[in-house]
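Once you've had a glance at the structure underneath, I'll fire off some questions.
Per-chain numbering from 1; labels A, B and C assigned in written order.
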Amino acid sequence: MIDFITCCDYAGTFAFAISGIRLASAKQFDWFGAYVVGFVTAVGGGTVRDILLNSTPFWMLQPSYLIVSGLALLFVIIFRKYVIRLNNTFFIFDAIGLGLFVIVGIVKTLDFGFPVWVAIVMGTITGSFGGMMRDILINEEPLIFRKDIYALACVFGGIAYSICLKLSLPPAVSQSISAVSVFAVRILAVKYHISVPVLKGEE
Amino acid sequence: MIDFITCCDYAGTFAFAISGIRLASAKQFDWFGAYVVGFVTAVGGGTVRDILLNSTPFWMLQPSYLIVSGLALLFVIIFRKYVIRLNNTFFIFDAIGLGLFVIVGIVKTLDFGFPVWVAIVMGTITGSFGGMMRDILINEEPLIFRKDIYALACVFGGIAYSICLKLSLPPAVSQSISAVSVFAVRILAVKYHISVPVLKGEE
Amino acid sequence: MIDFITCCDYAGTFAFAISGIRLASAKQFDWFGAYVVGFVTAVGGGTVRDILLNSTPFWMLQPSYLIVSGLALLFVIIFRKYVIRLNNTFFIFDAIGLGLFVIVGIVKTLDFGFPVWVAIVMGTITGSFGGMMRDILINEEPLIFRKDIYALACVFGGIAYSICLKLSLPPAVSQSISAVSVFAVRILAVKYHISVPVLKGEE
């Protein structure tokens, strides 16, 4: 019964956890600390969303997210020397996860009866706050606000979804278009080094 | 129908967002990152309060806070070179916002049936946690715990409110006295460089 | 009516608050800032647990936690020069508090109807997230993920509890065994410098 959506969810969780574990290991965290950072990276965005929606955090309802994060830790420990060569693969997984996480955030928020603009914010939080919490834990400035288009790709996906809604497209089509647009914006931004202008400080 | 309270609320939100955006721009955040930091600075304290009270975060009920934060970003981008000359104006707006945020936090907490001491804590959280979250996001030690009297001004306002309550003053009078005392303590502390003693480290 | 459990709770709160206040004072925080860091260290883990469980944070139900944190601040201010000699005493208090906090987290989570694995996670969060939030506030990398066995001691205690549950031991016995195992793991880890392996970064 593991369908396509679930596969994308696990792939995204795995890739998000890997990014947390790798950055924690660069900071000499121990295995358990790295696991916590990986887990927070993977589930942090959805947890903030669920707290704001006053819903039970999704990862408390089934142990799979804890387990997938544990597998990510094992993977980094065992394949440490080869992990760096898989950068492109992780990047693709990460972008797939991002697209999916945004949709999950949007759909859940609309189900709770909030308007579309709240859903766009919640989709963006679901996709980007895990990475933000990772950077806070390892005591770095959040990368997602400084490099390439990351959080903004989530906003694009949300706007795409709201346009699909106005056109009365069926839910599955709207969700696919929106997820693919997050994925595409993210991939294109990194490939062509497109980034948001930096706010220049005052002289 | 935009009354005096709403004006103060928008002025405070604008000033809080400006402070976040300016500090983020000093750290080379991109426009979107600066917007997120500005928004978190403006609504972070009230959001923590609403989560602790188990209430829907106030900014999810109307889009005005997102919009005012967007206007603050536009303002900083357009008037970048002149912003620094407006420091005193922003400081006044910030102090007005602080006074109002504290009252909103106190009144909402009492409405939820909590005792006065919880309301004082919630007023302080409403006023000061946005700035604390801003400093965490830009990876600095929280300034509000180290410079001038900021968070403590919120506590003074809360104590003023509880005294007014004991004297059975009408709500509007209690709220005005409390907001003005936060404002006055904050202005006087900065004007006369009054600060809380620093805890000396162990030799 | 102050029983043994309550005494342990206050001792743990006091020791956790002291650790936050001392680290804040090393960073030149003012008295009020140090108090906030101490309070967050003491109640932060339980607050995150209560938010995730969608329950009113425990410290909002009685003022004793605010007061004990205030006494910890007074203690550090008055006995500043002697505090360093009490390191071993604080360490014992801290370990007692850790054991108790983990049990409180586990029991409360089971009372809310969650499965044992969620309770283990919540026990660990109750015991370790206060120290993590302390380190974020003073802008350091979380120590609990890098030095000795701290968060992992909470996991051990949780596993001990779940084994006791399977053996159908009475609640008081299970709780005592679990608290003592957290305490013992923590003490032994520090005494014999046992730590979790560090994840080596990629070459």
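Definition applied: a contact is a pair of C-beta atoms (placed from the backbone, for glycine too) under 8 Å apart; a residue touches a chain by one contact, two chains touch by 3 or more.
Note that the coordinates shown come from a computational prediction; the quantities given were computed from them, not determined experimentally.
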Same residues or different residues: which describes how chain A and chain B meet, taking over half shared numbers as same? different
Since chain B and chain C are copies of the same chain sequence, what is the angle of the rotation superposing the Cα atoms of one on the other, rounded to the nearest 5°? 120
Between chain A and chain B, what's the gap in Å when you average each chain's C-alpha atoms? 30
Residues of chain A touching at least two other chains: 51, 54, 136, 139
Considering the complex alone, what residue numbers of chain B touch chain C? 51-52, 54, 114, 117-118, 121, 132, 136, 139-142, 144-146, 151-152, 155, 195-203
Using the touch definition from the top, list the residues of chain A that touch chain C in their complex. 21-22, 24-34, 36-37, 47, 51, 54, 56-57, 60, 63, 66, 76-77, 80-81, 83-84, 136-139
